[in-house]
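Scroll down for the structure; my scribbles are underneath it.
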Amino acid sequence: MNTHEVSPDTHHDVYSKTVFGFWLYLLTDFMLFATIFAAYSVLSGNHFGGPTQKQLFNLDHATLQTVIFLISTFTVGIAGVYTHRKKRGGAIVFFLISFVLGIVFLGMELHEFSHFIAAGSGWKKNAFASSFFSLVGMFVLHLVFALLWVIVLLVPVFRFGITARSVLRLTCLKMFWQFLSIVWAFIYTIVYLLGIV
Amino acid sequence: MIDEHHGWNLSFKPLWIGFIISLVLVASAYRIVAYGHLKHDTLMLSIIMIGCVLALIQLIFFLHLGLEEKPRWNLIMFIFGVALMFILIGGTIWIMNNLNYNAMPRMGH
Amino acid sequence: MSLFGRLGEHALKHDWIEYAAGVSIVGGALVVIILITYLKKWGWLWREWFTSVDHKKIGIMYIVFSAIQLAKGLIDGLMMRAQQATASGDCMGYLGAEHFQQIFTAHGVTMIFFVGMGVVFGIINLVLPLQIGARDVAFPLLNSISFWLFAAGGLYIFISLVIGVFAGTGWTAYPPLAGLKYNPGVGVDYWLWSIQISGAGSLLSGINFLVTILKMRCPGMKLMRMPVFVWATLATVVLVIFAFPILTGTIGMLSTDRLLDTKIFTADYGGNPMMYINLIWAWGHPEVYILVLPAFGIFSEVVPVFSHKKLFGYTSMVWAIAVITFLSFIVWLHHFFTMGAGANVNAFFGIMTMVIAIPTGVKVFNWLFTMYRGKVTFTTPMLWFMGFIFIFVTGGMTGVMMAIPGIDFQVHNSLFLIAHFHSVIIGGVLFGFFSGYSYWFPKFTGFRLNEKLGKYAFWFWFVGFIVAFFPLYLLGFMGATRRMNHYPAGNGWQPLFIVASIGAFLILIGVLFQAAQLYKSIKERNQNKDTTGDPWNGRALEWSTASPPPFYNFAHLPEVHSRDAFWELKKSKKDIVKRKYEDIHMPKNSMVGVNIGILSCVMGFALVWHIFWLAAITFIGILIALIARLFVKETDYYVKAEEVEQIETRSRAT
């Protein structure tokens, strides 16, 4: 009999390894933000005569941003469930909702950046502004990647439906988005709220 | 196919729970900052607590931290990482504060 | 904005020594290129090596690249020795101050990043999957990408010799000197992108190896049955995963200071240069444990084999490694005791630094107890271990001395410090690598190294090191600071500098013996074949494969029931039940790694010279390369069982 066995290297292994590996990547990304947070903590009082947090931050604006991102995180989680249930329609719709909310968030943040610059607190002006732009700017950079990633992954899902591979990749994307939400939770509380009070 | 098809990957419930609690937390943070009359130190502490709980809720209900089966490598690595982040940020604040006091010129102390 | 940014003819202007260096590098590269073309080996190189995702090939490429970097770093060292031996009193030596600064900066960067990290990742790549009974690492393509990012970063050291200059700030590039105001030129930018790009590769490797260890051990290999080398690797990659992001963030902020004129580490506008020192060492201290822990792992493999006795104190070894891992994150301030923090802060970190010496001591005693009452044979790998004991332990002891802030205030940044860290890095990391190199060479090449030349190499390295660095301990006590290109006459320093340069020369002879050893061994490889796969009577699973192992490592994944898995298998004299061969799932080669390496190298170059359109294009190119890969369907293939059978029978027959 010539039935050759296949060595134990199932798709389950690939999923398990990849999700764990991606989780580890997220931990390194947390650490990266922690480094910039550390810098912000030290420099947040160094305005060198420029505008302060109390003068620049807008509580309503920041809270609205936070709620919008929270909703987008919720919808991305929903999209994840639809993905695991192999429901192409649901997955696409809810990833797109998150995408749109992400764009809105991005717009709001860029608006805040231009407000900072106009108020004389651009990233070159003083250490506080530099560290603020570094921290929130790094967040924006990550968000831009996430948005690009949504498009890149949704195109094959739209054309070919949900395969085992796309479950894996969309799960990683979903995790990335949720990771960003946690980073933002700290930015909202520590940068904005503590800055305002 | 154990890993992928854990209950939580297929259920909306944890997402709803996490979402509602998070909204409540953000709303309460907003309230105490905008309308609260807490003392400054208590206010700061509350804000930090809310932030930590907000993060934790999302870690558990969205990222399903700690719910995997043993060995819980995700959780172990996460705890180690969090400890190191506290050490890095806390240590930096401690050290830089100390340096500022001891080594920087006395400008507007 | 010019098409070429700030690149111009002036970038090629150098002094005669730099011209000589540049010419030899370009000349050397041309010779290699012409040779490969003449032998018509480009196709082979591309197919078998550059696009390979096989951990064994990638490991060898890391080591070859590191060897080249070691040559460059040694030349830097010799040049510094020559300068310091002569530049006393009226004599200014032969190196200008700015050139000298670039040399000691490049020396540090080369040795720590491109030799140290290179040999660490090289050896882990080679040995780890085999020791845990796996066929490859968790993410083979990522492994290739990591290597090419590493190589891309390493190229800047060479490129900067020809086009532009390298940083003259010391290998840690402290601002404000490294900031935009005081160093607006390209040197620091070369430094930044060299480290940022190779650092990304290191981080990805860390993730790769951690997933490999935790998820790909063969059946039966519980954690407490893993070889200690694997434990050491586990600790190392945990450190990589949590420490390297700190480096990324910190030098990222230095980059924005330089590129975007942010004020994070500036001396004015509210910036805080001291914070850079704090953050860079929060990475820097774990980094040195990343370098040395694999060496400890290597010795834990070598010492039992050549003492013919199992490792003493396995459990305490594991605990020691775990303790070192955690503690290495709470000692970092000892690198800047003198920066001005108060007594409380200095005392805490001083005490922690002394505490971390304890688990290291436990390991040293365990190795010695392994030798005790064993039948010790002093092969080359074992000689490197003996050399390590003397040099690393004295280096470690001077480290414990400097853990005391009061003492450190006297010797910080003196040659005493230099002698200390060279003792632990060379005595620990490099001797550990040389031990592993001699030990595992037959496994990965199929033939043995010439023992006699190996022993000569060791003795010249060992004696040379002592002659080169022990005088530096004395010089440190006599007040000599580091990084000096000239000193006054008549203070008694020059004789010691001369002795040190003799030592450096002895080390050079040691290196020449290593080169000769490699040459001779290759020439005589047919007489020195390793036909059994187990030339040293080894204890771990890598020795159960043929030498070299087949590309899939194991025809059947091993099943393990104890520590020292291969040793137990040999002892039980169990006949290997001839099981049916299976199809084996293997990943295909890929050029994604090479592409990303080339694109990042060009991108970094463009950022250095402010050729922003080119930086943008190459960055987009990297994204496209990654996205394109997502759409490739045929990324793996199956090796048919019949082919596996053929390979296995062929190798057993020899």
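As written, the chains take the letters A, B and C, and residue 1 is the first residue of each chain.
In this section, a residue touches a chain if its C-beta (ideal position, glycine included) is under 8 Å from a C-beta of that chain, and two chains touch if they have at least 3 such contacts.
From a predicted model like this one, the values you see are computed outputs, not experimental measurements.
Set side by side, the interfaces B-C and A-C show unequal numbers of C-beta pairs in contact, with more at A-C. The most distant chain from chain B is C, comparing centres defined as mean Cα coordinates.
Centroids of chain A and chain B (each the mean of its C-alpha atoms) stand 15 Å apart. Between the Cα centres of chain B and chain C there is a gap of 36 Å.
Chain A and chain C have Cα centroids separated by 33 Å. Annotation for chain C: residues touching 2 or more other chains are 214, 241-242, 246, 272, 275, 279. Shown for chain B are the residues in touch with two or more other chains, namely 73, 77, 81, 84, 88, 92, 96. Residues of chain A in contact with at least two other chains: 16, 20, 24, 27, 31, 34-35, 38-39, 42.
Of all residues in chain C, those touching chain A in their complex are 135, 138-139, 203, 207-208, 210-211, 214-216, 241-242, 244-246, 248-250, 253, 256-257, 260-264, 266, 268-272, 275, 279, 557, 580-585, 623, 627, 630-631, 638, 640-641. Residues 1-5, 9-12, 15, 18-19, 22-23, 26, 29-30, 33-34, 40, 43-44, 47-48, 50-51, 54-55, 58-59, 62-63, 73-74, 77-78, 81, 84-85, 88-89, 92-93, 96 of chain B are the ones touching chain A in the complex. Contact residues of chain A toward chain B in the complex are 11-12, 15-16, 19-20, 23-24, 27, 30-31, 34-35, 37-39, 41-42, 59, 63, 66-67, 70-71, 73-74, 77-78, 80-81, 84-85, 167, 171, 175, 178-179, 181-182, 185-186, 188-190, 193-194, 196-197. Listing the residues of chain B that touch chain C in their complex gives 73, 77, 80-81, 84, 87-88, 91-92, 94-96, 98-99, 101-103.
By the touch criterion given at the top, residues 214, 238, 241-242, 246, 272, 274-275, 278-279, 282, 329-330, 332-333, 339-342, 344-345 of chain C touch chain B in their complex.
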